[in-house]
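In the two assemblies presented below, chain A is common to both, partnered first by chain B and then by chain C.
Let's turn to the complex of A and B:
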């Protein structure tokens, strides 16, 4: 019988062996991931950033995501080593230098969930929740979603996801998928100042996305990764340097029209996805918020939710 | 040679079984099953789709019905607006013209 344990409870040689044999099974939220890859950079990253996640050392009965990190060809396995994510289907992934294994791993998981997992409607969004429900934050890359997600975690919220709002197809609830928060460029120092150095992974420099680091999920976030919740607020955050803090309430139909292109599987799922999004927005408000600082963004959330944070 | 009927002369219809609609503050979110597309319609556009799903109507009849249903005058609801809206809804597939020659 397979047993679940914290990844950090296994020795480095056990982890290396499981990764090499393709038997490392990561359990997170509604998904089971079978991961393989022979790279010290990947091993270092998982040992640090994923230390509190639940894993098995043998394949599970049911696997949702199969991710192999491998060299793009034989030559690049030995000379100027490169790595690329292989989620079991063809993806437009550029081979990366081997020290960028953390980025290849996170990209591979994102592609697998975005393009292959259809038990939920997936919307590109950050999600945090407290006892009164979840705040969904949908934004384009660079709009400040990850910083706001990290900031809300310092004020009583738990992490659902920095990448995907997973919305149930039978009930319009949000399901947690608390992977580490991906931080880019200047966001890294902003979040490091906010949460402390020990929570941030080593920075992977000069990647195609610039410098990247990851904010580790807390044990308290992971402990509730099977507990879905209803949404209480939908935000479209927009960070602009020097901007005056502003909120603009959106008609729910307009908000849904903005979520549709942010979903990776809305068109594939069709009618159930329409029901899920209209169900999600049934009793909640949606706002576009514009701000020039993290403090302003928290003030706006305070103002909208009526919950004191600062 | 007979000129093709204009959008206002054509008779329009829609199948209510082919779409799902949810109302939000006088606007409608409409999921059209055959295309899988979701449309954001104002009250006038949805009024047209809804009206022709119950009875096939010509553009001219639609114009009169919309004026009555929404208590609008001809200047508030010009023919040109109805014509362009019919054209857009036809393009999206939400309504279609009835072929009277059959």
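Let's turn to the complex of A and C:
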């Protein structure tokens, strides 16, 4: 069955057997992913959070990402089952209890893209876009990047990516890779209140990263996953409890120096990466924004872009 | 692994038609660190997914080559005024010479060869230039072990750049049964254009690759070694190929070279090399070794047995039992579960 269709259009048993045989192929943005390793936890997760994504039951071509979710050893296949992502190279992944399969799956895909797919510059950042271009938001874990990404999606922006800004080496454009947005700890309830319960996956509790849930990408986000776009704004968001809303403009050199350490492959790519980053930031402004609430963060974005939010 | 796999990865045979077979081949090439070589040897269709995958692999190799060129430059700089002209070995030499075997090849460290009486000065100069004993072997036992028994100094890691340089004075451990005549090989080494760095000549490059693959170690990366040997052999002018058996004999590398020639014939169907290997060894020699190499490369049902054999053989080649047993006992006693430091990844 080499035809692309919504994952949700396949039956659970079709999906299970494709995962068992290691032939389930997920098409998203510039990448294709071959996934293997059936478990109920993964099937539950995929058929909910990935239901609108395009898949094939068997690959029609070679794939960028090969991810196998497997037990760390024979014992853990049967007794107190565990799971670990194997992207085809050695990763320092901790075996997780089988119910954390969604996390193992998402981590495995992140590792693959971050370390293998170097025909794009990967910068750890959230990206959303509208018709006038993309907003890139780069921040450390826990700085409120995912919340701001989710908030902007409610105001006319479409999702490019929550984890990676993918920048082309040949053209300094951003490429969409709209995986579900990963929400941690308190963010889960904040975003759930914002978007409604039906958009959020079941929470995986007590993971090494705390509680985790995923915000499903919308069909409108996925429909444009092949359309790259230029950047219009670079933000370094900083959520601080009780903070007064503030913006601080950065010059291009400062902005680039902050993006470089957030990239997983800048130094590997060298000169072309430098040209692509400078090309991306040409003629756009960069700001550090500090805020204590989502409302404030949206107001700051409005102020900087000069565009009224929908 | 399918019998044609090596040929397909070396670009000698077309890739399998079935998608899943292609995926398996790519996965195998990646796991065996020769996806880059495959990407350089195989021409994909334009704008295909395969082209994307190959591009990823080539970009990674290009990074390694830039790093290596820079390290060679720093090495030359560090040795200015000493009159020491180190020989760049293996991957470094292939890259510097632009050999086919270097295309797409991943390189992690720089291997050089100097004479034994230059070791002390080279080490001192490198330390002045920012290299220091690598943390992993920076303990009295390992330091002494390398210096007394090995063919190289303990690895030196650059404190800022993190790159590793291995300074050899022999091609095999001092304790190894077979001796390679490095002095003779050094005599015919040649300068890299415009540099105070040297490389082995064509024939000796091949000989060293064969020694590295079959006289040292447990053939841990058979596919990578075989593809390397094949590519070096292919580029060897007819005249040099004919010189190979005599030269191998002269420097004491007949065994590894004859096995290398046999392997090239066996895995890549190169007639000439089969003929030469037959001249060098009787048909019946090294049967078990040849079986083990084939079995480990194809990863067939008996591969674990082959691996065990090659592992034992590697230690037997490297040192006599009176050294091996205390060494392994010491390693076993200091072994701790999970003692390997986890790698830090810049990943969310």
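Criterion: the second predicted complex is superposed on the first by the 308 of 310 C-alpha atoms of A that agree within 3 Å, B and C clash if a C-alpha of one lies under 4 Å from a C-alpha of the other, contacts with A are read in each partner's own complex, and residues count from 1 in each chain.
As a convention for this text, a residue touches a chain if its C-beta (ideal position, glycine included) is under 8 Å from a C-beta of that chain, and two chains touch if they have at least 3 such contacts.
Quick caveat, the model's predicted, so the values are computed rather than measured.
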Superposed partners chain B and chain C on chain A - clash or fit
fit
Let me test your reading of the model: by the given contact rule, A:225 touches which partner, first (chain B), second (chain C), both or neither?
neither
Name the contact category of A:23: first (chain B only), second (chain C only), both, or neither.
second
Looking at A:270 after the superposition, I want to know if it touches chain B, chain C, both of them or none. Which is it: first, second, both, neither?
both
Once both structures are overlaid, what angle do chain B and chain C make about chain A, taking C-alpha centres and a multiple of 10 degrees?
60
Given the touch rule stated above, what does A:70 touch, chain B (first), chain C (second), both, or neither?
neither
Is A:119 touching anything from chain B or chain C once the two structures are fitted on A? First, second, both or neither.
second
Per-residue touch tally on chain A - higher for chain B or for chain C:
C
Is A:252 touching anything from chain B or chain C once the two structures are fitted on A? First, second, both or neither.
first
Let me test your reading of the model: by the given contact rule, A:60 touches which partner, first (chain B), second (chain C), both or neither?
second
Chain B versus chain C as contact partner of A:32, first or second or both or neither:
second
Between chain B and chain C, report the minimum C-alpha distance in the superposition, expressed in whole angstrom.
5
Chain A residues contacting chain B in one complex and chain C in the other 270
Could you please specify the touching residues of chain C with respect to chain A in the complex?
19-20, 22-23, 26-27, 30-31, 48-50, 52-53, 55-56, 59-60, 63, 66, 342-343, 345-348
If you look only at chain B, which of its residues touch chain A in the complex?
20, 22, 24-25, 27-29, 31, 33, 36, 38, 40
Residues on chain A engaged by chain B in the complex (per definition of touch)
251-254, 256-257, 260, 266-267, 270-271, 274-275, 278
In the complex, go through chain A and note every residue touching chain C.
23, 30, 32, 34, 58-64, 66, 88-92, 110-111, 114-119, 124, 141, 163, 261, 263-264, 268-270
